[in-house]
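Just dropping this structure here.
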Amino acid sequence: MQLGLVGLGRMGFNMRERLRAAGHDVVGYDRNPDVSDVASVAELVQKLTGPRIVWIMVPHGDPTRQTVEELAGLLSAGDLVIEGGNSKFTDDQANAALLAENGIKYVDVGVSGGVWGAKNGYGLMAGGDAEDIERAMPIFDALRPEGPREEGFAHAGPVGAGHYAKMVHNGIEYGLMQAYAEGFELLSASDVVTNVPETIKAWSRGTVVRSWLLDLLVRALDEDPELTELRGYVNDSGEGRWTVEESINNAVPTPVITASLFARFASRQEDSPAMKAVAALRNQFGGHAVQKNGSES
Amino acid sequence: MQLGLVGLGRMGFNMRERLRAAGHDVVGYDRNPDVSDVASVAELVQKLTGPRIVWIMVPHGDPTRQTVEELAGLLSAGDLVIEGGNSKFTDDQANAALLAENGIKYVDVGVSGGVWGAKNGYGLMAGGDAEDIERAMPIFDALRPEGPREEGFAHAGPVGAGHYAKMVHNGIEYGLMQAYAEGFELLSASDVVTNVPETIKAWSRGTVVRSWLLDLLVRALDEDPELTELRGYVNDSGEGRWTVEESINNAVPTPVITASLFARFASRQEDSPAMKAVAALRNQFGGHAVQKNGSES
Amino acid sequence: MQLGLVGLGRMGFNMRERLRAAGHDVVGYDRNPDVSDVASVAELVQKLTGPRIVWIMVPHGDPTRQTVEELAGLLSAGDLVIEGGNSKFTDDQANAALLAENGIKYVDVGVSGGVWGAKNGYGLMAGGDAEDIERAMPIFDALRPEGPREEGFAHAGPVGAGHYAKMVHNGIEYGLMQAYAEGFELLSASDVVTNVPETIKAWSRGTVVRSWLLDLLVRALDEDPELTELRGYVNDSGEGRWTVEESINNAVPTPVITASLFARFASRQEDSPAMKAVAALRNQFGGHAVQKNGSES
Amino acid sequence: MQLGLVGLGRMGFNMRERLRAAGHDVVGYDRNPDVSDVASVAELVQKLTGPRIVWIMVPHGDPTRQTVEELAGLLSAGDLVIEGGNSKFTDDQANAALLAENGIKYVDVGVSGGVWGAKNGYGLMAGGDAEDIERAMPIFDALRPEGPREEGFAHAGPVGAGHYAKMVHNGIEYGLMQAYAEGFELLSASDVVTNVPETIKAWSRGTVVRSWLLDLLVRALDEDPELTELRGYVNDSGEGRWTVEESINNAVPTPVITASLFARFASRQEDSPAMKAVAALRNQFGGHAVQKNGSES
């Protein structure tokens, strides 16, 4: 089927490839003319035959909002906007409301898989009305991995549910990564296990902890067995923070996901103001003479 | 090849099947005569031709220690004991020292895979001397999953390293399970995602969080979509505790693994003494009239 | 000096007493006519001579907002509103903007001390313009504890800073309470210390952990040495949640404050959905036969 | 009364002063002849009239054990050894057993107060037989703070209970310090509160969080308002680790104390191996091009 695709960055570019390989007619727009099929969003809309489908794949926040607003002025009643970026679920609800004023439908889709999705397919979680999701199903079927549809695609609920599901997915992802990372550090710190990369590789089959993330860790250790070339500096994107916020809003204890987020915060600090305060306190009750090696008392 | 197998419980019984299916000659002993091939460990040792290999698969702690002591008196110099249970790595070091007095060799193996190992093969991590591990390799090859050996078996290091690796594996396992569990609870608590089991099933392919544990969660939710039939009561075995102890001994921060362990402790408490103390404090500064709904002040 | 006081609940009632004892002329209003000096906020405003000062002491959220809106219509340019409840700092900024349209000034004050403040004085943290805070200083001096002003009162910053400081104060409070509570539970769980309440009382003087909260814990244990009469069920008010939200907004790791908040969430759950999921996972890989006592594998 | 005091370091030296000021006859020994009253432990024992009391105040572990062993050979049945250092409670039990072979009695005392104890008195928690503790009470009364005995001294239980109580005290201390430290960092990171040291000083009176540790934090901020002269590098002594180990042994969730310990571990790491692993994972699924700023996917 025919669709417009706004945003041809790392994710969007690959998705256009995968969609075209599945036989879909994709008109792509990007600010970067080297990859764009058209000169503007307006031209993209013009090239589509109604009722249109336009997939947005730009950074969340202002860029997505501006694209929605632009499309609100260009599309017609009955057209469908699919927001496939990493929007917050509350933004989806606002976007849908704005577009609904002009009779334009809205579906939000959480897309997982990273750069590997181009080859493996993307895990998809959609939010919106059933009829809108049904209408876009050929697109979802082209993007999702091979195999039973329900193992790579879900209609998670009403508008916002797709990105809510993706948000929680990413929160879980933080926790999984941190769990492997702690295990890696402990194995490395102790001198009992002398073949750390080999040991982790041996978890690839048969064990309880086998997973795709483990496979990636094995790949990383194949390239750099002690990870000496990397700094332990880790960014976080919105989803981890939103997951913790939502856990607080719903009074759900999420110690693992939150600890994973805090570990990232700490990884980016040159020095910890909190630990300065602890050091100051120990110095105060331990005496000036023990400033650097003060013992508890 | 020929080997003795002491302990034919849930794990040992399946392993005997898998070893026999691979053509090995297994003499199994268990206290339960219904599953045992011989009447005693002594008879088991007698039936083996030297140099013998005896695999121990009984509960860790006293039962394993008693079996090692019994074998120390029955086996001969050059025989090999493989401890495949869940021993603590320090117990391995003690076991190896005891057997070495009689010239008996010792290898410890961490075995992962649970009841699924019978079909899928078991992930194996071994500790000991290279020549002893090489000698037992046909057994390991029969037990491990199909595929490249290094993806299901590792020689992790000297005696103790196999169980150390398994200990850390289980610590990671705690963290992974807790991460999925927190995500499940948050999805369930919020009303944004209305199709929780379908959403989690859709993570099975293509996503970053896909894993064998996720597949098991999908299975569990297929059977009981809201997990209403289960209590949130979770035991812990030694490995999680030992992982945290070792992280402390090595000054490695393991907030995720530890939070997962503490969540299990809390799951088993009828009421929390700590939270009684917090309630008491709030009552004290909030006034007796607000005992049940006191606000911070 | 003269002031109006809207809200004569547990906190406001005591504050009126303390202010009057210091010689101030307080006109109090409350929905409860038994404690109110006037019949309405309008009458309260009428009774004050301009330029007026009105202190708000009602629950945060809608009640505070409605009171601010009502006062916006009743007060005159140059009058001063002091919000002494537990408002979120962002609400203060909105309140100040609303009142500023009519030339009415705004100061927010975080008030700590609970029911004990009536006797001991209240710790105060104020946000707003210096001239407004200076103007209200006789009120603050009457409310704060005896001793140097700077040990019980601070001008924390611009509008919102008073409640921000109080928010962080309460976040710390969560952490302090949880620390004592964990220590209490560990002492109680172990059989090494046989005189737990006596031991905790002995921390009252000379030790590093001595504090007012410890004194309250001693009081509570004097009344009920094993806290048998209390349930370990603990509410949370907004400040703890806001503290964690703000720590996320500022990428500040706050593991202790957050763990304290999560412990409260968990204390209110009949059963933990997350731990149901962990139990389900262990059941899946451990086999149906071991549903209740499954071991890791 | 008369007593020997082995160990005249920071703590022991001050304690000798305080004991002498109370009229006790103290014979002190230290390896450092500048502060020692006698040339050897043997001479110290000789100078005491039986039945003797000898207080040990040397570093825990080997130094304490060696002193106990030396005293076992020098003292006589009916003499009393008081171990006032930071021994692990299990060491106390071993020490008492060793001395009991010669009829020598043993009491362990946890001593809190740091350098301030010289002036304020020390908080004391004792373990041992009631008659032995009663016998040493004049010493405890001289060391503890003024005020009711039960507010600065407790007989916590049998041998080991004194140091167990001190261990838990220090675990709580970790949590308290971390709670204040997190609050300090959040106040500093946000731009809402502009007068951070003044705000914290204002918590000194009337608030719920007032404490001796808060007073020390105020002192530290008086000297260095932004703590710029300190590194956020914090050692830990044994008690924090033992507290977590004991919480695991007793299945007591202690998330706050443990998080405080882990924060100290992390403060001493140049770079975090765990966060290297997380960075490696993100790099793997985010693509090489995004190594430094990879987003979740």
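Just so it is clear, A, B, C and D label the chains in written order, and each chain counts residues from 1 on its own.
Throughout what follows, a residue touches a chain if its C-beta (ideal position, glycine included) is under 8 Å from a C-beta of that chain, and two chains touch if they have at least 3 such contacts.
Note that the structure is predicted; figures quoted are calculated from it, not measured.
In this structure chain B contacts its sequence twin chain C using mostly the same residue numbers, the overlap exceeding half. Taking each chain's centre as the mean of its CA atoms, C is the chain most distant from chain B. Distance between chain A and chain C, defined via averaged C-alpha coordinates, is recorded as 37 Å. Between chain A and chain D the centroid-to-centroid distance comes to 45 Å (mean Cα coordinates, whole Å).
Averaging Cα coordinates per chain places chain C and chain D 32 Å apart. Multi-chain contact residues of chain D (touching two or more other chains) are listed as 112-114, 117, 170, 173, 178, 180, 182, 185, 189, 208, 213, 251-255, 259, 262-263, 266, 272, 274, 285, 296-297.
Contact topology of the protein chains: fully connected, every pair of chains touching.
By the touch rule above, chain C contacts chain A in their complex via residues 208, 241, 244-245, 248, 251-255, 258-259, 261-263, 265-266, 268, 272, 274, 285, 296-297.
Of all residues in chain A, those touching chain B in their complex are 89, 112-114, 117, 120-125, 127, 144-147, 150-158, 160-161, 164-165, 168-176, 178-180, 182-183, 185-187, 189-190, 192-195, 198-199, 201-214, 243, 246-247, 250-257, 259-260, 262-263. Contact residues of chain D toward chain A in the complex are 10-11, 86, 111-117, 170, 173, 177-178, 180-182, 184-185, 188-189, 213, 216-217, 219-221, 224, 227, 230-237, 239-240, 255, 263-264, 266-267, 271-287, 289-290, 293-297.
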